[in-house]
Amino acid sequence: MYFQSFMQAFHMNGHGVYVWGCYGLFLLMIAWNFWRIRKQRQLQLRRLLQVRSRQENG
Amino acid sequence: MAHFKLPRWFHQLGSPKWFYQFAGLLQPWLALISLVLLFWGIMWGLLYAPADYQQGNSFRIIYVHVPTAILSQSIFMMLAVAGAIGLIWKIKMAFIVARACVPIGASMTVIALLTGAIWGKPTWGTFWQWDARLTSTLVLLFLYLGILALYQAISDRQIAARATAILSLVGLVNLPVIKYSVDWWHTIHQPATFTLTQKPNMPAEMYLPLIVMVSGIYALFVLLLLLRTRNEILAQEGRSGWLTKLLQEGHA
Amino acid sequence: MNIDAPLNFAPYAKQSSAALLQVNRLACERDDRMLYQNLSMLVHCGEIWHIKGANGVGKTSLLRQLSGLLPLVHGQVEWNRQLECPFIYLGHKLGLKDHLSAEENLAWLEALSGVSNRIKRLAALDKVGMRGYEDSLVGHLSAGQKRRVALARLHLTQASVWLLDEPLTAIDQSGILVQQSNLRQHTQQGGAVLLTSHQDLDMANVRILNLSALIKSDQC
Amino acid sequence: MLKYYLCLVWRDLLLVMRQPAAVFNPLVFFVLVVSLFPLGVTPQASQLSQLAAGVIWVAALLSTLLSLDLIFRSDYDDGSLEQLLLGSQPSWLLALAKVTAHWLVSGLPLVILAPIVSSMLFMPYHALPGMLLALLLGTPTLSLFGAVGAALMTGVKDGGILLSLLVLPWYIPVLIFGASAVQAASSGMPMNAQLALLGALLIFALMVTPAATVAALRVGQMQG
């Protein structure tokens, strides 16, 4: 590993905030994408179930 | 419009039913591949790769900034080409894929911009520097937001798909012109200072994690694209028979 | 007497020479609702088709599909190739500029098909009973008069098939008689007319195409 | 063909003469925006003359944006757009005629107003011919790309400022080369590079936009 200890890895002589911040934002964006997809999927499935039940007794 | 014969698999790709199931099979493998590649790339880039002699550790942001910047441009190209295919050969799936690309591309561009700005702080001392690459990424974000706004503005999906296809095509045609003019403008106003990324002259151990991250993020993109396309198919193909049958089996 | 034309011909393999327009298995879908399906019809010279149906059943969409404004997803629409100017389409919106006079409007509308001269335009306006209104702005005319100015255009084009969407709305009784005789005259010269209207045309051998009936026969 | 083109342009000019307000407002807006800068930034000549090129071009851009809705909105509402699309003439000619009419009504007056406005910003007089030439080359490109945006907006009921969001990114190259052309002119440097690039942009727009405009108009007609 390039860094001797985890503390140094976090500190990264001063640049740690920016580096970890960027990686954090990156993972946050991925998480947001997956969360949006799951939300939309549930919405669509619920809508389709309603449409089907409406057709059955329609 | 061009009406020459297309290969059979191209038409097969065009049927929502076939695409829905094919995507369903592919997703777990893609998830695995992208997870492994991204984890490997992040660990390598973050902890094991050497720091840059000039910039120190802030150089590690390149492993997030460059892949997202590359992806944001290739996604824009992909959705414009998908729109063109939809317009010329009238394939519904092409419009659905184009619509699924837009939010992913927009979020990639946002991350590319943010990481570029954050990277600017330790390098130039200010968050926003009118650097040629950052400015053209900003313009690309405007193009994405224009497409998203047009999707919201038109309620009818058929018209929205065609209108945004035209918009993205004109945008794609303009993209190189905009990039050239921004670079030209940058050299006029600021002599070539340190630009964000000079990829080629990096030593191997700095360059390899970048390759891993780029391939990992492309795998992730395809995964997100398949997931979003399936959602779009659910939204648009609500009425068709095969979907209701799939729902009955409870395995949608 | 109105003969109820059989709705669904078998789609024709060969294109019969006399047919001005051939429609095979046309379908139209609007926001997830199938308006009509495999509608086939054949329009010959001298025919008048009256497209009937409740509101929102797709009468206008049918005319727009025939004219090419609405792209076809299923089915084909083939105009007879020998016709140099196959059709003219008059929609709900009249296509007249309010700030131009009746004659100026006809002038630019005529320029679309290349030919244009003032005497013919005045004669056309006279034919629809709009003599004396040549230079008054269309914005100042009543709805019926505007509709007549739009209909005057029919006498200026060589189009053989007239696609008219509700041509008789807002036109008074005497005007309707004038228009019906114009339609009759056009069909006698070998043209054809497809029109949608909620009033019944008391004219001889008008073919009825009832879209609502078409849908009921499909659904059940 | 030419007769059809001239007839359409003449028809649009006639319509504008009957209703001058819709065209007059963007020009007032142009002068207004330029006169805001001395109030907002500084009245001193030294700083204003540096800003002059950019301010004039940004104001020209925004005033063209304002008048873009003029091109197709009224034709779409009263149905004449349908007749134009169904006409037997080639459809790209329709787009070109509409853009020419729009340019004559919005681009050209900008060029005529520019000298007055540039003197308000203390732009050196020797830069005037260069600026006029740059504006003459740039504003048609703005109208051409703007026509694509306006055509896309026919499919949208209440667009609002969506049109400017769609069109502004395409205006960036024209702004960059135009402003630097005027900058070079006012500092006495040769500006033929910028003018050549502006000319190239104009030809590029002439090739790309008519087809896109007509395609967008046909999509707008699918409302049915």
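Labels for the chains are A, B, C and D, by order of writing; each one numbers its residues from 1.
Simple rule for what comes next: a contact is a pair of C-beta atoms (placed from the backbone, for glycine too) under 8 Å apart; a residue touches a chain by one contact, two chains touch by 3 or more.
The structure presented is a predicted model; accordingly, all values stated were derived computationally and were not measured.
Colleague: From the centre of chain C, which other chain's Cα mean sits the farthest off?
Modeller: A
Colleague: Report, in whole Å, the distance between the mean C-alpha point of chain A and the mean C-alpha point of chain D.
Modeller: The mean C-alpha positions of chain A and chain D differ by 43 Å.
Colleague: Roughly how many whole angstrom separate the Cα centroids of chain A and chain C?
Modeller: That pair's centroid distance is 56 Å.
Colleague: Once you find the CA centre of chain C and the CA centre of chain D, what distance in Å lies between them?
Modeller: One centre to the other, that is 38 Å.
Colleague: Report the inter-centroid distance (CA atoms only) between chain A and chain B in whole Å.
Modeller: Here chain A and chain B have centroids separated by 16 Å.
Colleague: For chain A, what residues touch not just one other chain but two or more?
Modeller: Correct list: empty.
Colleague: Could you check chain D for residues that touch two or more other chains and list them?
Modeller: 222 - these are the residues of chain D that touch more than one other chain.
Colleague: For chain B, jot down the residues that touch at least 2 other chains.
Modeller: 156, 238-239
Colleague: All pairs of touching chains, please: list them by chain label.
Modeller: Pairs satisfying the touch definition: A-B, B-C, B-D, C-D.
Colleague: In the complex of these two chains, what residues of chain B are touching chain A?
Modeller: 42, 46-51, 56-58, 60-61, 64-65, 68, 103-104, 107-108, 110-111, 114-115, 118-119, 121-122, 220, 224, 227-228, 230-231, 234-235, 238-239, 243-244, 247, 252
Colleague: Please name which positions on chain B make contact with chain C in the complex.
Modeller: For this pair, the touching residues of chain B are 90, 156, 238-239.
Colleague: Which chain D residues qualify as touching chain B in the complex?
Modeller: 145, 148, 152, 155-156, 159, 162, 165-166, 168-170, 172-173, 176-177, 180, 197, 201, 204, 208-209, 212, 215-216, 219-220, 222-223
Colleague: Spell out the part of chain B that touches chain D in their complex, as residue ranges.
Modeller: Checking each residue of chain B against chain D gives 87, 139, 142-143, 145-146, 149-150, 153-154, 156, 158-160, 162-163, 166-167, 169-171, 173-174, 177-178, 180-182, 184-185, 188.
Colleague: In their shared complex, at which residues does chain D touch chain C?
Modeller: Within the complex, chain D touches chain C at residues 3-4, 7-8, 11, 14-15, 18-19, 74, 77-80, 82-89, 218, 221-222, 224.
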